[in-house]
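You will see chain A twice below: alongside chain B first, and alongside chain C after that.
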Partner chain A sequence: MSEKKQQVTRRQFLNYTLTGLGGFMAAGMLAPMVRMAIDPVLQESGAGDMANVGLAVEDITNEPQRVDWTITQVDGWYESEVTKSAWVFVNENDEIQAFSPICTHLGCVVSWEGSEEYPDQFFCPCHNGRYYKDGTNVPGTPPTAPLSVYEHSVENGMLYLGQPIPRGEA
Partner chain B sequence: MKWIQQDMMTYKEAKDYIDTAVIPLVPFQLSQGQELKKNAFQREVLNLFAGEIERDLAGRVLLIPEFTYLKTSDRQVEGERLSSWCEEIQKQPFNHIFFITFDPAWKKHEQALAGTLIWLPAMATDSMQTSETHQMIRGQAQEMGELIRSYW
Partner chain C sequence: MLQKIYDWIDERVDVTPIWRDIADHEVPEHVNPAHHFSAFVYCFGGLTFFVVVIQILSGMFLTMYYVPDIENAWRSVYYLQTEVAHGQIVRGMHHWGASVVVVMLLLHTCRVFFTGSYKKPRELNWMVGVLLFFVILGLGFTGYLLPWDNKAYFATQVGLEIAQQVPFIGDALRTLLAGDPTIVGAQTLARFFAIHVFFLPAALFALLGIHFILIRKQGISGPL
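Let's look at the complex of A and B:
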C-alpha cells in the first residue's frame, strides 16, 4: 500500500508543478497578445450598419418625402444621438432614390420645392443653391456637386438606409 | 457652422457666404434653489434649439458660443459686454445677429442690442427624453429658421 502511495517522487512532483506554473504564466502573457493580434477581425463594423427609417416601401411615391431617423454615433469616447434625414422617392425607372439633404455647398439642409419659383427642384435656402430631381446641381448655382446618395436596402417591406455616398463633381 | 476647429477651417475658406450669427444668451446661478432645476433645464433646451437651427442653416449661420452671465446681474452692464461681442463679430462681414434666450429680462433692453432678440417663452416640460419634446423642439426650431430666413 505504502509503495503505491509513493508513485510520484519529489523530483517528479516539482517538475509537474514548475512546468504547470510556467505554462500558466506563459499563457497569461500570450493571451492578451493574441487577442490584440486578431483584434481587427473581431472589430464590429460600425459604418456598414443600415438603419430602419420607419418608412414602408409601399408608401414611397414619386414625390420626394423627407424621413428623419436617429442613430447612435460613437465618436472617440463621446457617444451621441444623431438625427439623420433623407429625401426619398421613386424615380421614372421605378428605382428607390434616397438623397442626403445636406447641400454640397456649405452644408445647409435642402428641401424639395423649397422655393415657389423653382418647382420640381431641391432648393437650399442659404444661398439659393438648386438641384434637379435626380440630385444633380443646377449649373450657375453655388453647389458644385450633386447631392449624396444613401445606400439603401429593403427588408420586410421597410426601407433601410446606410451611409450617404458622395457623387463626383458634375 | 459651429465655433469648432473643423467648421472654422471651412469658415475661413467661405467667409463671404456666412453672414448670420446666432448667440444663445444663458443666465447662470446657483443660489436660488427652487429656480436651479428650471434654469439648468432651460440652458439644455436652448442649446438643443441652437443646435437644430444650426443644423438646418449650417452654410450661412455661425453659432457663437453661449453668452453666459449671472442671473442677478444688471442687464444694462451685461448688455454692454454683449455689445463688445457683437462689435467683434461685426468686424467680419456679418449682416445679421440673432440672440436667442428664455430669459425675459432681455426684452426690456432689446433696443440697446446690436441685433434681433428672439425671446422664447420657457417650456413647462421637465423631461428631455420623450420623443414628443424632441418633436416640439424640432418644430419650433424650424419656425425660428423660417424667421431668420425672412431677414435674408
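Let's look at the complex of A and C:
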C-alpha cells in the first residue's frame, strides 16, 4: 500500500457499483408499474367538452327551468349514456346562469321552489337544504357551499353546457 | 408414519429449533386466563389475528366466484349468495368477520392502552399496530365497494369525497383511488379490487410479521 490516502477502497468501489446496479434494476422494474398505477392522475382532463342541451337561448326565462341532456361518458374501457341536469335561467343582469342540481351537502338533487314554504329558493328534500336564486346556500341550512355553476356557451342560438365548477365555501 | 416423515425431514433440515422458536414459549401467569380469569383481555390480539385468518381464507374462496367488473360484479355476488351451496355462509363469514375484526382490534388497542403496554421499549410495536389499524380500515373501505350495489356505490362516493378533502393532494389522491377524477365506475371497481385483494393484504402480512417478531423479541409486558 502506498502512503497516499486512498479516496475509495476497492471494497467501497465494488459496494457502490453493486448498489448502483441493484438500484437501476429495481428502478427499471418499478418505474413502469408505478407509472401505470398513477396514469389516471396524469391524464389530461376531458373538460372543455361542451354539450348541446337542446334548449334555445330565446326560451331561457327569468324562472329557473330544469334541462336534462345525455352525454356519452367514457370510463376507461366502458362507455355509457349518462343523463345530466341543470337549472337554467337569466338573472337580473341578463346573464345566463346554469346551476348544477347536486346539493353541496350530501349530493341529493335540488329543485327550484321544491318546497311550497320557500318560494324563490332552490330546495333539497333530503335535509331541507336551501339556496337563494343566485345559488348561494341559505345560512343555517345544511349546505356549506353554493351550487356549482356549469360552464356555458351559446352557439347558433342554442345553449351548450360543459362541466360543473364548484364555487367554494361561502 | 407421520413421525417417520417428520424425522426424515428433521434429520436433513433440522426444523425442530425453528418450530420451537415459533410456537414453544412460556405464557406468563398474569396473561393466562386459567390463572386469573380477568386475563382474558390479553386474548384480544390473538382473536383479532384469528378473525383475520378467517377473512383471508373466506376471501380466497370468494374470489372463485366474484368478478370485479361493473356489468357482472353484482350478479356474481347474487349468484354466489343464492345459487352456490354454502355461498351465503362463506360470504356471511367475510361480511360479518370484517366488522368483528374492527371490534377485536379496538378491544386489543384498549387493552394495550390501559395496561400501558405501549410504553418503552414497546413504542415501535404500538406504531406498527396503528399502521395495521389503518390497513384494516382500508381493507374494510375497499371491500365495501366490491358487491357493487347502491349502498356500496354511495358509501364509496362519500369515502372518495372525504379523501378529496386532504389538503393539496386531495384531488390527485381521489383520482389515484378511483381511477378517474369524477366517475365512480369501471376503473374504480377494478382498482378497489386490486387494492383489496393484493396491495393491502401484502402490507398486512408484512406489518403482522413485524408485529409478531417484536412481541417475541420483547416479550409480553409485565403485570400491572
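In this text, the second predicted complex is superposed on the first by the 125 of 170 C-alpha atoms of A that agree within 3 Å, B and C clash if a C-alpha of one lies under 4 Å from a C-alpha of the other, contacts with A are read in each partner's own complex, and residues count from 1 in each chain.
Assume a contact is a pair of C-beta atoms (placed from the backbone, for glycine too) under 8 Å apart; a residue touches a chain by one contact, two chains touch by 3 or more.
This one's a predicted model, so the numbers in the text were calculated from it and none came from an experiment.
Legend: residue contacts after superposition of the two complexes on their common chain; A:Cys124 is shown touching chain B, with no touch to chain C. Applying the stated contact rule after C-alpha superposition, one finds that A:Gly107 touches each of chain B and chain C. In the superposition on chain A, contact of A:Pro40 is made with chain C only, not with chain B. Of the two partner chains, chain C is the only one touched by A:Asp75; chain B is not.
Residue contacts after overlaying the shared chain place A:Arg66 against neither chain B nor chain C. Once the two complexes are overlaid on chain A, the chain A residues touched by chain B in the first and by chain C in the second are 106-107. By the touch rule above, chain A contacts chain B in their complex via residues 83, 103, 105-109, 124-127, 142. By the touch criterion stated above, chain C contacts chain A in their complex at residues 70, 157-158, 172, 175-176, 178-181, 183, 185-187, 190. By the touch criterion stated above, chain B contacts chain A in their complex at residues 1, 10, 14, 17-18, 55-60, 145, 149, 152.
By the touch criterion given at the top, residues 37-38, 40-41, 45, 73, 75-78, 106-107 of chain A touch chain C in their complex.
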